[in-house]
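Would you mind keeping the following structure in view while I ask a few things?
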Amino acid sequence: MPRSTVHTVDVTFGDCDPAGIVFFPNFSRWMDAASLSFFMQCGVPPWRELAKTRGIVGTPLLEINTRFTKAATYGERLTIATHVDEWRAKVFVQVHRITRLRADGGEDLICEGREVRAFVMRDAQDGDRLRAMPVPDDIRALCS
Amino acid sequence: MPRSTVHTVDVTFGDCDPAGIVFFPNFSRWMDAASLSFFMQCGVPPWRELAKTRGIVGTPLLEINTRFTKAATYGERLTIATHVDEWRAKVFVQVHRITRLRADGGEDLICEGREVRAFVMRDAQDGDRLRAMPVPDDIRALCS
Amino acid sequence: MPRSTVHTVDVTFGDCDPAGIVFFPNFSRWMDAASLSFFMQCGVPPWRELAKTRGIVGTPLLEINTRFTKAATYGERLTIATHVDEWRAKVFVQVHRITRLRADGGEDLICEGREVRAFVMRDAQDGDRLRAMPVPDDIRALCS
Amino acid sequence: MPRSTVHTVDVTFGDCDPAGIVFFPNFSRWMDAASLSFFMQCGVPPWRELAKTRGIVGTPLLEINTRFTKAATYGERLTIATHVDEWRAKVFVQVHRITRLRADGGEDLICEGREVRAFVMRDAQDGDRLRAMPVPDDIRALCS
């Protein structure tokens, strides 16, 4: 079983659109927060520090795929369960499952997102360029 | 050739993250704006009016798939070309291609998003519930 | 002493701008969440319900005034203490104080916001128009 | 007369809240974009370049004051007129006036914001610290 972490989100009024439901890009925003929270809960230092010590500035996305099954609205608390589904040489696949507790104790799946991410560092020559780098072994070990 | 519309976005400082590049959920936000812009450029009235006249409150997403190829940053102007790639009975697939003009006159593909959307209306019994409805023929005709 | 509630926020990577600090409109977003959280912690039903039972759709802002004293960044937890500083006939003044715990047990003031808000309802004739209404006595009693 | 620039914003569906009107922190976001647009229209290079050449990383806010007079909604185009109202030794006051054209050719004031901002640079010793600096004479000359 891969390591899995949990991140909770309380949906606010401003997260919702004129239809009264969560404006969907917020789910991407929360999955990104859950992604970072995953690394920090696994013991990886914040990008801010890794940028200085190892040049790693983050894990930008190469691809996202999200399926929405139920709407959510403000006043609700959502739970995001996150794990890495696949580690490849230069990319990894992170999966986020967002659910809401039902009154009967069960849970509703709100949406599920699959993200392909890569670790990137600044280019030695041109600091404005970001370059993909191999998945660092120590980070992978912490997160598996 | 399906009908295609263009929507432009000027990337702002606040759209970018500590790595200095566009925080990716903003691409979803812009694609959503491009989606609505597509319908309005095709002559479909705003949801606000359709909610009153026909009960249609919008076209929420069932699924998104976005591939990111290049980063973008503030001060840049992006172009989003939008069309409907496929009309099914109850859903449609909208494609957004976000590009940036290069100095040499060519264009860089920043990302491409594929959205599965459905038209929804409020449930007659429970106004808080949204229900998927068949794609309206007149709207499809305007947008093809 | 007026009633005061506490709302916490975990700053995420995407909340920060290319300077690496919280993009300031997010403070307004969090204060709005703290404002709603205040009402809910005081026992006021969500606007969604009040819209149906009493026509109240929310407490939009007439004016905001925020002073920023220190920057905050991702990975930090912020605390928002909220109270109503003044109740007038048609408006009220809500104050939000955002702080961060220091390692020495003290707290840093990040910013303080003062919001003038009014309760609004939909106009009986034109449902698209929002009208300010007198502060409801029962809500005021719950929140004082 | 101080130099004034104009920045336009097309309000999107996702900029609006469940009451169907612009979620107010978006006005702060747009004023920030108008602030940067002001500097760029005045001929000041982007912060990204100034960070490298002169260490200037931006003009964070010390205080904002915004008065809201009318609501705006999606499908509307807003105009933001921006000027610097006051230059002091270490700070400047920037004013943004957001209006909407009426059908009769007049304009509605949506809101007006007054921002106190300072130029900041990274601390020489501790690159994570930002320090206020005197308003650069050349930038002031370009913007007056």
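For clarity, chains are labelled A, B, C and D in written order, and residue numbers in each chain start from 1.
By definition in this document, a residue touches a chain if its C-beta (ideal position, glycine included) is under 8 Å from a C-beta of that chain, and two chains touch if they have at least 3 such contacts.
Everything quoted here is computed from the prediction, not taken from an experiment.
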Most widely separated chain from chain C, with each centre as the mean of CA atoms: B
Between the pairs B-D and A-D, the one where more C-beta pairs touch: B-D
Computed distance of Cα centres, chain D from chain B, in Å: 27
Between chain B and chain A, distance of the C-alpha-averaged centres to the nearest whole Å: 23
Separation of chain A from chain D, taking each centre as the mean of its C-alpha atoms, in whole Å: 31
In chain B, residues with contacts to at least two other chains: 13-14, 17-20, 23, 25, 29, 32, 47-48, 58, 73-74, 128
Contacting residues of chain A [partner chain D, same complex]: 13-14, 16-20, 23, 25, 48, 73-74, 128
Chain B partner contacts - residues on chain A that touch it in the complex: 17-21, 23-26, 28-29, 32, 47-48, 57-58, 60-68, 71, 120, 128, 130
For the chain B and chain D complex, residues of the former touching the latter: 10, 12-14, 20, 29, 32-33, 36, 40, 46-48, 58, 73-75
